[in-house]
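Listed next: structures, encoded as structure tokens.
Two complexes are shown next, each including chain A; its partner changes from chain B in the first to chain C in the second.
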Partner chain A sequence: MSGRIALLRFPGVNCEAETALVLERAGARVDWIQFGDVLDPDDYDGFVLPGGFSYEDRVRAGAVASRSEWMRALETADEAGKPILGICNGAQVLVESGIVPGGPARAVRLALAANGGEGRGGYLCRWVHVEVTLSACPWLRSLDGTRWPVPVAHGEGRFTSLDPEVIAGIETGSLCPLRYVDPEGKLASGGPWDPNGAVGSAAAVCNERGNAVALMPHPERAAWLRQVPEGAPGEWGARRRSARTAAALEAPGPGQALFDAFVHAASGVRV
Partner chain B sequence: MISDALYVTLRVPDPSALTALAALRLMGPKAPVRLERGRVWWVSGDPGAFESSQGVWFNPNKERGLRWNAAGGFGERRERERWVFVRDRSGSPEAGALRSMRERGLPEPLGLLSATVWRLQAPEGVSPDEAAQAASVVRSAFQGLLVNRHSQAHRVGPAPASLTELEQVLSELKREAS
Partner chain C sequence: MPSSTGSLVEGALAAASLIDADLEAGLRGRGLNLKIDEARRLAAALGRDPAWPELFLFDAMWSEHCSYKSSRHLLKKYLPTEGAHILVGVGEDAGVIRVPTADGDYAVVMAHESHNHPSQVLAHEGAATGVGGIIRDVACMGAEVIGILDALRFGDPFGANAARVRTVMRGVVEGIAHYGDAVGVPNLGGDAEFSPVYDENVLVNVVAMGVCRAEDIIHSRVPAAAASEPYDLILVGKPTDSSGLGGASFASVTLTGSQESLGAVQLPDPFLKRVLLAAQQDVQRMLKESGAEVGFKDLGAGGIGCVASEIAAASGFGVEIDLDLETKVPDDLPAEFVLVAETQERFAWAVPARLTPEVLRIYNERFGLPRMYPGAGARILGRFAGHGRFVVRHGGRVVADVPNELITSGISVHHPVRRRAAPAPLATPAVQDVLALLESWSSSPAAASRRPIYRFYDSEVKGRAILRPGEADAGMFLLRWGGPEGIAVTVDGSPGPLEADPRGGAGIAVCEVCRNLAATGAEPLALTDCLNFGNPEDPDVMGEFEDVLEGLGQAARAFGVKGGGPLPFISGNVSLYNQRSGARSIPPSPIVAGVGLVPDYGSATTPRLKQPGNPLMFLGRRRGAFAGSWAAASVGLGGRGALPDPAELGAQVRREVDLVLEGIRAGRVHAAHDVAEGGALWTALEMAMDSGDPEPLGIAVEEEFAPWMLEEHCGFLLEVSPGDSGELQRRARESGLECFAFARIIPGGTLRLRQGAIERSVALATLAEARSSVLKGIVP
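Here is the complex of A and B:
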């Protein structure tokens, strides 16, 4: 059974086409919801907020979009436990709306601050490595322990909070399904493979129930083997270098598995 | 000690302020009737800092800078207005200006402080403090907008009445942010 996914297009989003392709390859039926459209949460099994910008990231990245009427629909979907994925700017929207990490009265308990760390200020676009770690997110459990290369492209990607409970949740794991690591799997924190200085080297943060995930890297840009750099270290780099034909290069890349897991979870909601 | 201050805004209507105002209006009747965004700079020790290094503080092609005037502050005072000073908890808005001054061989001021400022005017029947509180700190998807306290420090108050008051606000903000 295929899940029906709503792909939300705020003004300024620019990763929706590749995100839709990857979701469809995972078996989803994807509806592009245009800015101004009414979003009925009952019509969909899962919701994806793709990357790019929203409202030119005025005020703060994701801040204006998180005041959209669509948020009421997303809150209803969240209460029903439907999977929600925000990628990059979509992650910023989920954080600014309080959907991630959730909690009492949907208070905003987290921020995606400007990239920090030695030599890592400003916008950063490069390949990093992430590892899926056991967290509250049920739909990523099948990928627990996997490690893969993926691009980041953001200026404000540093998960941070003044709330000790949220910090603890990220550091101990329940709220953190993906962390930045080096190619050998060591936590990237503060090192050359850490793109932004996020607490706990968090590449993603989920809500307490685990159905909604705010993810800063772009797995849709790593969903075909051809997208992996030939010089990438580790298994995926080796696969890329050994791919000699067009067909081999069109094979799924490291980011595809995350969308497969998301669509699988979304399909289960309606069963 | 000699001090001076500069308030920088866009020459054209500010898209960020207009968008923020539209978003705030969705949240209810406490939304401001007017919202303006600027950047305030405070320096001490160099009375000519703002004359000798204009390109450091703003781009005159698209922005204008208003100098502090002992008689009237930054000029027009608006009724029912509150200033929301905002500073990111990471980074330093002063660092870029100091770097530019060094690159141009300009003397660095003894003291330098800066912050983003949202000037908001409360609607009739709503107290300016109440309107500022409603608009500033993000509490949920439909409450607050201008400040995410997890990544930003802020101060709310009337327009500063003196350079000393402005320095105090900016110093407190810097302390809280760091």
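Here is the complex of A and C:
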């Protein structure tokens, strides 16, 4: 049966429409939860926090939203092990709320700092490559080892922590389901394909149980083959270049698989 | 004829009887730029002394910025604006064209504005509110705003005023990024040029694109139904404050260099705008279901005074507004300020009074506007009336009462014009060492990679991107989800040719837009323009203005559209009083934007080279016209010189575009790029620099180097398969165009060419590296 997904529409998010389309294509029934609405965690099988600038990034990106009324519902869902996905600003909210990486009393143990590194300061919009690596996240396991292009668009996307346990979890793998790599699959760390200088080249960090994922790149902008740039290196670029009609370019892009896996996991929870 | 209206209004300034000096002092003392004869004219039309709110209103509405008083008659004379595919032409906030699809008719909405003066004074806020304003212009037509473009003219970042120029550059780029990224509208492209003539007057032009179903277009006017049932004027967004006070009037004067105008710059709030746009979708859905006719318009220059008068006057109505109903910051803001302040993030609806409560509920409760920003919300400001007057109450008294038509169509000025003599042709530049020339270009701002600018712009949000900044000659986005149509959009306005020969340069701007669209596979459908010029009181400036308009019109008519008729201008803007140091006007700097359709975006084409062994064909016509080119400037042949006649060039480019589109749609053209700055040689380099995966590609030029290879704006370079080149040449001959193999694509990232008897080569990676480093560290 299809998963029911709550799409949390904090004021200032701006990626909800395309994110809903991709989720629906993955088979989900999507409800847009409007700010001011009550969120009942029992009504949904999965939760998505889309990208944007919730509450104008006041204080810090994600900080105000992470204190919103919906967070208690999200915590309940988290405790039930339901899949939770925060994309870009949504990732910032999950980190600011302590849901990712989780732990005692949901203390904030992780930060998304300003992009850093030589020539990488400030907001950056570009296509990068990520590789799915084995982690605590059960619902990304089917994508393990896949490598694909995806765009980033953020100013504060550098996962970092003062907690040695969290650093170790990201670097050794259990907390890090996606890493930035170069087109050949080498870790991007510090090189030209590293967009922000994150610890362990982390593109995403999950909680210890793996159900909640804070993801900085935008797979919903890479969910149609059309969206992949013609010049993208590797297999996906070649596939993009060989598709010569709109019909062929309507095929799923690399990002769709992540949503398929997410919705599949959400549907499984209900079953 | 004096009118007897407004007898209740207490006059403030004896505009009819005061002597010039006293009237001047009275107006300037309140910060107004209204001219003496205009104030007298207002008094005569009213038959009494005008009150301050009235003087402030007319100061804004009779400003150059709002009234187009110096340009309206010339725009009408020269620019084609008609077309069977136009849904909304010039006159509203944006132009709209109809695009038929298998799923019914869609509307593509396009608006084009400048925000030059504010960006010079307070770069970040000025540029950001430029983006905010153009987004409102498209949103108020009922469309979803799906992209923006920015055309920027900066000073010389390495010149005498480098520090100031870089500060402005940083602010402008940050402002555009800050607003566009946060409001969630992707950047589709744009351009940036650098010249010391803009050291003290940056140009920031913005274009916004929108899409909706054709039947969902909302006009910026009170519906006729308002004659038979009461219609409210609802204001939505921020409370009125004194930010942007006198902005319209400010945009119509010469900058003095002092900071006294800071208050005239508006303050941006993309967060609030994002919430407003989200709420608007729900409001529109509700209104559509109600079946009621409505009007919708954004607030920009002239604030409440402008929106209320124009939305009513557009269908011959009057309006009565009560400023006591408006939320003001501070609460005692004087009436004249409330009337014309350009507080950002506001819209105005004209809806039947019976639907007003539901509109207010959606904005204020469902989307919680009052919780998003102190004092924000939707509120009733007044009611439309059949009497044709513009009546304002404040503090329980009538403080303005004037014939509405006087506000919106009151004024026209015909400045003296001195046309230039036609320039003589320029000599062919003599180039001693072409590789050295290419290397020097690669490290110049003109040729620099613009990535250090557009990396700050979100080009992916909304998920509709097909071609993004830096990928091709035009940006392209999906018209509708699940449909095959791509919409291409681009801007152009090369400073070199425009300075060399304004009429010829204007023709080139139109032709470049058409070539850029066609190079991606799009058929050009419509244009917009922003005419950035200097002081209209200078007859030479007005001469250039007419030259440019003539060139734009001639090229657009000659190029035309499929099915007959001219390529129309559907919207635009005029920005005057742009000046450089010593109060000299900037050179003519029109920016032309164009929109085109690709029926199946699978055929979208980029300049990226595909296959070693393929020929790179030149298609076009060489004329030996080097005026305004990089090559001419590099050998000291700057200044004026003749360029092709716009009508002749427009007709030629139509024939080129037909062949290019035919080739692209048949799958025979694998890469395309128009021959622009730097001529065929630099164009070929640009195509090769980003090509190849995983191994880079290069170029071997077939003939010995000759100066024509640096001639600009003369055609296309097209990659075809070896077996298809003969047919292309045959078709070109039939069309009276030149076509030959200019170069061959080779493996390995080098350019090879002969100059004299010597075979030379250069690594493309070296040139690319130089190009990419010029602007690094200059933009933030």
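Keep in mind that, in the parts below, the second predicted complex is superposed on the first by the 271 of 271 C-alpha atoms of A that agree within 3 Å, B and C clash if a C-alpha of one lies under 4 Å from a C-alpha of the other, contacts with A are read in each partner's own complex, and residues count from 1 in each chain.
By definition in this document, contacts are C-beta pairs under 8 Å (C-beta built on N, C-alpha and C of every residue); 3 or more make two chains touch, one makes a residue touch a chain.
Keep in mind the model is a prediction, meaning the values are calculated, not measured.
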item	value
Partner chain in contact with A:56 - chain B first, chain C second, else both or neither	both
Contacts of A:134 with chain B and chain C, given as first, second, both or neither	neither
Touched partner set for A:227, first chain B, second chain C, both or neither	second
Most chain A residues touched (candidates chain B, chain C)	C
First, second, both or neither for A:14, with chain B first and chain C second	second
Touching partner for A:105 - first (chain B), second (chain C), both, neither	first
Touched partner set for A:66, first chain B, second chain C, both or neither	first
Which superposed partner A:80 touches (first chain B, second chain C, both, neither)	neither
Touched partner set for A:116, first chain B, second chain C, both or neither	first
Chain B versus chain C as contact partner of A:250, first or second or both or neither	second
Chain B/chain C common contact set on chain A	55-56, 121
Residue ranges of chain A touching chain C (in the complex, touch as defined)	9, 11-12, 14-15, 17-18, 21-22, 34-36, 51-53, 55-57, 119, 121-126, 151, 153, 183, 218, 220-221, 223-224, 226-227, 229-231, 233-234, 237-238, 241, 243-250
Sites on chain C touched by chain A in the complex	177, 181-184, 270-271, 274-275, 278, 365-368, 372, 454-463, 465-466, 468, 471, 478, 481-486, 600-603, 606, 608, 610, 667, 690-691, 693-694, 776, 780
Complex contact set, residues of chain B against chain A	15-16, 19-20, 23, 26-27, 88-91, 138-142, 144-146, 148-152
Of chain A, residues touching chain B in the complex	55-56, 58-60, 63-64, 66-67, 71, 75, 96-99, 105-114, 116, 121, 158, 160-163
